[in-house]
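The chains carry the letters A, B, C and D, assigned in the order they are written, with residues numbered from 1 in each.
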Amino acid sequence: MSAIASLISAALVIMIYSILYRENPLFRVGEGILVGATVGHAVVQAIFNVRDLAIIKVQQGLATGDISKILYVIPILLGIGLYLQFSKKYRYVSKISIAFMLSVGIALSMRGLLYNNVIGQIKGAIMPLNTIEGIAYTIGLISVLLYFVYEEKTSRIAGPLPNLGRYVLMITMGAYFANSIMGRLSIVIGTMDGVLVTPSIYLVPVAALVIVADVLTRRKQAE
Amino acid sequence: MSNVSKQISSIVLVVVSLVILVDFFWANPTLKSLATDLNNWAVVIGAFALGLGAYSLLTRHSKRILQKKESWIFSVLLLATMFLFIATGLITGSVTSDEYNFIYALMVQPLSSALYGMNAFFIASASYRAFKAKNVESGLLLVAAIFLMLKNAPIGEAIHPILPQIGSIFWDFAGATGMRAILIGIGIGTLAIGLRIIIGQEKTPLGGAE
Amino acid sequence: MLETLNLASKGKYVPKIREHPGVKAIQEALGRATEMGRPVCYSPGTQSLYSTKYAGDTAAALTILGYTAQEAVKTGADLIVGISQPTVLPVAEEVVRQAYKLESREDEYVEGETVRFYSPNQWGFATSYVGMMHREKAAANFLFGGHAAEAMVIAENGATVGAMQIAGSTNVYQLPFFLVSCEYTLIGEDEYAAAAYLSTDPSQKGIVFGQDLAKLITIGLIVLGSVLATFGNSAISSLLSM
Amino acid sequence: MSDFIETLSKNYKQVIYIGLFLVLTIPRVYPLGLPIPLSDTTMGVYNQIEALEPGDVVVIGSSISASIYAEVYPQYIAVMRHVLGQEGVKVILVDHIPEAPIFTERAIEEANAYSYKAYGEELVHLGYIAGDEAAISGLCRDLHDLLQVDYHGTSISEISMLDDINSAEDFTIVLDFTASADSQYWLNQAYATYGTKIALGLTAVKVTDAYAYYTAGQIFGIVESTKGAAQYEILIDQPGLAAQGMDAQSLAHLFFIGLILVGNILYFVKGGKNQ
């Protein structure tokens, strides 16, 4: 990438980081560019998706007489149906399209989670109770599960276990919080590597000066 | 009229989800290809949905520009960038062309990694603000976090080799207890909400709370 | 397990469900916002309606959105909903419009402003949402549904502008961040239970009880399996591997 | 003075942000050389590669995308440099997600791979193979049956090094760099079926699941996040971005712990009142 391009990239990074100081016009420049770019990107991808996933398939289907490919006309129609929500009279058509997407999503996540989260995790939880870990893990797990029991009578019968579950949950949250830090630091270090090279590095003192000037003028105004 | 549509919607819900669910329990090549097709269909409809979003964004920002609302200039910038990407993508015919890669690497990559990396700064401010041992719960949260940090950073082992070991004990415990229970809970919860949607008890996501 | 859920949902027994403090806090946050004369904002996540992992999460977030919107209209708080996924947009618009209609305040719903589409990209969404919170000086911020790494960027900026924040998610990697940055966090299944709790239909509470039963069965399986495993019997494990 | 402290506590966030910025930048300018102890998991990978002999075949899989680039790419290139340095060893590069080939090509260029190994004779890039577990299973069963061309569009039958490489039985070791499910696929398809030795390069989050396989002896090593990458760079005596970044990592972790402690001390000094 040329020097000018890397300078622009670095400037955009600094603009976004300026939100750490306060909301300001430079942040809004970064915001506008990022939103515009990502929506534009999504639009392009959507157009190509419709072309590659649907229109080409329908064309192939018509050419070869493959019915399963011709049926790709249906999602195209359902997709167009989404736009009928602007018409009060035909809004119900768009609900069919939404129902379709929702049912695909919910069914896929039901079957995925049933296997991975429920059966897989129960299988993983079964362990011999002849070690300290085995006993501690089992009690800990049961307590947290009891914490997630919402019916009042049942949770009263469980006694102190739901409370213990809450404590175990806190240990979990603390551990998962800390464990993600290294990855996030790697990213900020990587981003800074892009800024802390010539000529981009000269933008840092400029940004610092702008902020100092802003602090001083704001203080004066406050007085 | 809308009654008929409601019926169609419920039929779609039940049939489509049953196909996908049954495909999971019963390995059958026809069913499998049908389930894959249904999934692709959803992606196609989703692609059309993007037009709704783009339209909404376009009207909101062009209104701002036309009414010369405060800071309308940022709306101009937003729409200009959006059209730049659309035009580049459509003219070069792909999102992997050199020109497209150039503007993507120039704008989207630095901005998104800047935001992603900003998390590190927020971890710092949250460490100071939120990790206070006000009670047993927050005390445990804090202790677990500190030992995990000492496990991950090479400095922990340099201070004392036992520190990462304690961290590992916390980590294994957290994974085998709290995380496992959360995952089981989410699995059961998703099954429940899925059933509610499919049998038509949960109407809100279809936008029909009447 | 499926059978239990189904039976309980049709059951006549209406169990008493423990209320999560986060649910009550939604009203508190709305009241506070009205007092301060500042708006509240809501994000139903950055995952699509047909996401294979977070579809349930998104659906629950939309149910809670319906409740929040209605309560917001009741208390007179200004509501701004930020949308990331285009597939969620029409649904969220409809849900919020309905809520305004139910309180006969349709005139207060502003097309394109009450529910705003930002960007399907998580970071494009995050900058807009964060910028909006700063500019509108949000008094409360509700984050439900599937959020990814943008979770903490949004939540910490919310804390900076002094918003009271209530979050819920089933993304286990983001929950710790919500927990430290927000006043109330609905962890995993809490969110689903809240969605059921908030619905007016009493039979919905039955299904929460069904979920409870499923968890008790799970505990039973784990205990039984572990005891058997201690004596070298792996009957339960092999049963589950079928 | 008290005025100063008041401004400070009011703007504590900005003070913390400046602090973190300094903690991250100072070690870049003045490297501190904080110790980086070597882990067994990293040594496992290193020793196995050191023990390779001419004629051995190394398969390197990748699921590197922009989102895990910062954590996994430094490991990928460090290990690749090490493998390239082993004389007579054949290297097969393969990608498991559509975004990965760009990073694979970038690594080939950065590691100057062609000066170590001639393309097609000792090094080949197969590119992205669609089909998740089925793709890896096909690769393990019969590479020639699965693929027609490599990443550059050259016909597989024209690539001489692949002549006597047919199935996973001919792979000496497999190294997979990922945060996705393909590590599991390799375990299922190559290790479980053919007994091929496997090692992984992973993000910090992903390591947990894999550690159990390591202790059970099913994988011979793990390179863990940027920490593992830094260790590897030191092992092969080519300190790169990861090793340089470790100072900042260590300092930043200490900074966070310090903030937690300071926050708590202030909290208890003020008598645990609400601030």
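The definition used in the following text is that a contact is a pair of C-beta atoms (placed from the backbone, for glycine too) under 8 Å apart; a residue touches a chain by one contact, two chains touch by 3 or more.
Nothing here was measured: the structure is a model prediction, and the numbers come from that model.
Peer 1: Ranking chain pairs by how many C-beta pairs touch, which one is first?
Peer 2: If you count contacting C-beta pairs, the leading pair is A-B.
Peer 1: Relative to chain A, which chain's C-alpha centre is the most remote?
Peer 2: D
Peer 1: Could you grab the centroid distance between chain C and chain D? Build each centroid from C-alpha atoms only and quote it in angstrom.
Peer 2: The answer is 35 Å.
Peer 1: For chain A and chain B, let me know how many angstrom lie between their CA-based centres, rounded off.
Peer 2: Each chain's C-alpha centroid was found; their separation is 3 Å.
Peer 1: So what's the Cα centroid distance for chain A and chain C, whole Å?
Peer 2: Chain centres of chain A and chain C, defined by C-alpha means, are spaced 15 Å apart.
Peer 1: How many angstrom lie between the CA centroids of chain B and chain C, rounded to a whole number?
Peer 2: That pair's centroid distance is 13 Å.
Peer 1: Could you say which residues in chain B touch two or more other chains, in rising order?
Peer 2: Each of 39, 42-43, 45-46, 49-54, 57, 108-109, 111-113, 115-116, 118-121, 123, 125, 129, 131, 141-142, 145-146, 149, 152-153, 171, 175, 179, 182-186, 188, 190-191, 193-194, 197, 205-208 in chain B touches at least two other chains.
Peer 1: I need the residues of chain C touching at least two other chains; which ones are they?
Peer 2: Expected reply: 1, 48-50, 56, 58-59, 86-87, 90-91, 93-94, 118, 120-121, 123, 127, 172-173, 175, 177, 179-180, 187-189, 193, 208, 211, 215, 218.
Peer 1: Among the residues of chain D, pick out those that touch two or more other chains and give their numbers.
Peer 2: 13, 17, 24, 70, 204-205, 225, 227, 249, 252-253, 256
Peer 1: Which residues, counting only chain D, touch chain A once they are in their complex?
Peer 2: Going through chain D, the ones touching chain A are 13-14, 17, 24-25, 28, 69-71, 203-205, 225-227, 241, 245, 248-249, 252-253, 256.
Peer 1: For the complex, which residues does chain C have touching chain A?
Peer 2: For this pair, the touching residues of chain C are 1, 15-18, 48-56, 58-59, 86-87, 90-91, 93-94, 118-121, 123-124, 127-128, 130-131, 134-135, 157, 172-173, 175-177, 179-180, 187-190, 193, 208-209, 211-212, 215-216, 218-219, 221-223, 225-227, 229-230, 236-237, 240-241.
Peer 1: Which stretch or stretches of chain D touch chain B in the complex?
Peer 2: 12-13, 16-17, 19-20, 24, 34-37, 66-67, 70, 204, 208, 225, 227, 230, 246, 249-257, 259-260, 262-264, 267, 272
Peer 1: Spell out the part of chain A that touches chain C in their complex, as residue ranges.
Peer 2: By the definition above, chain A touches chain C via 16, 19, 22-23, 27-28, 30-31, 34-35, 37-39, 41-42, 82, 85, 94, 98, 101-102, 104-106, 108-110, 112-113, 118-119, 122-123, 125-130, 134, 138, 141-142, 145-146, 148-155, 169, 173-174, 176-177, 180.
Peer 1: List the residues on chain A that touch chain B in their complex, please.
Peer 2: 1, 5, 8-10, 12-13, 16-17, 19-20, 25, 28-50, 53-54, 68, 71-72, 74-76, 78-80, 82-83, 85, 92-93, 95-111, 113-118, 121-122, 124-125, 133, 136-137, 140-141, 143-145, 147-148, 165-179, 181-182, 184-185, 187-192, 194
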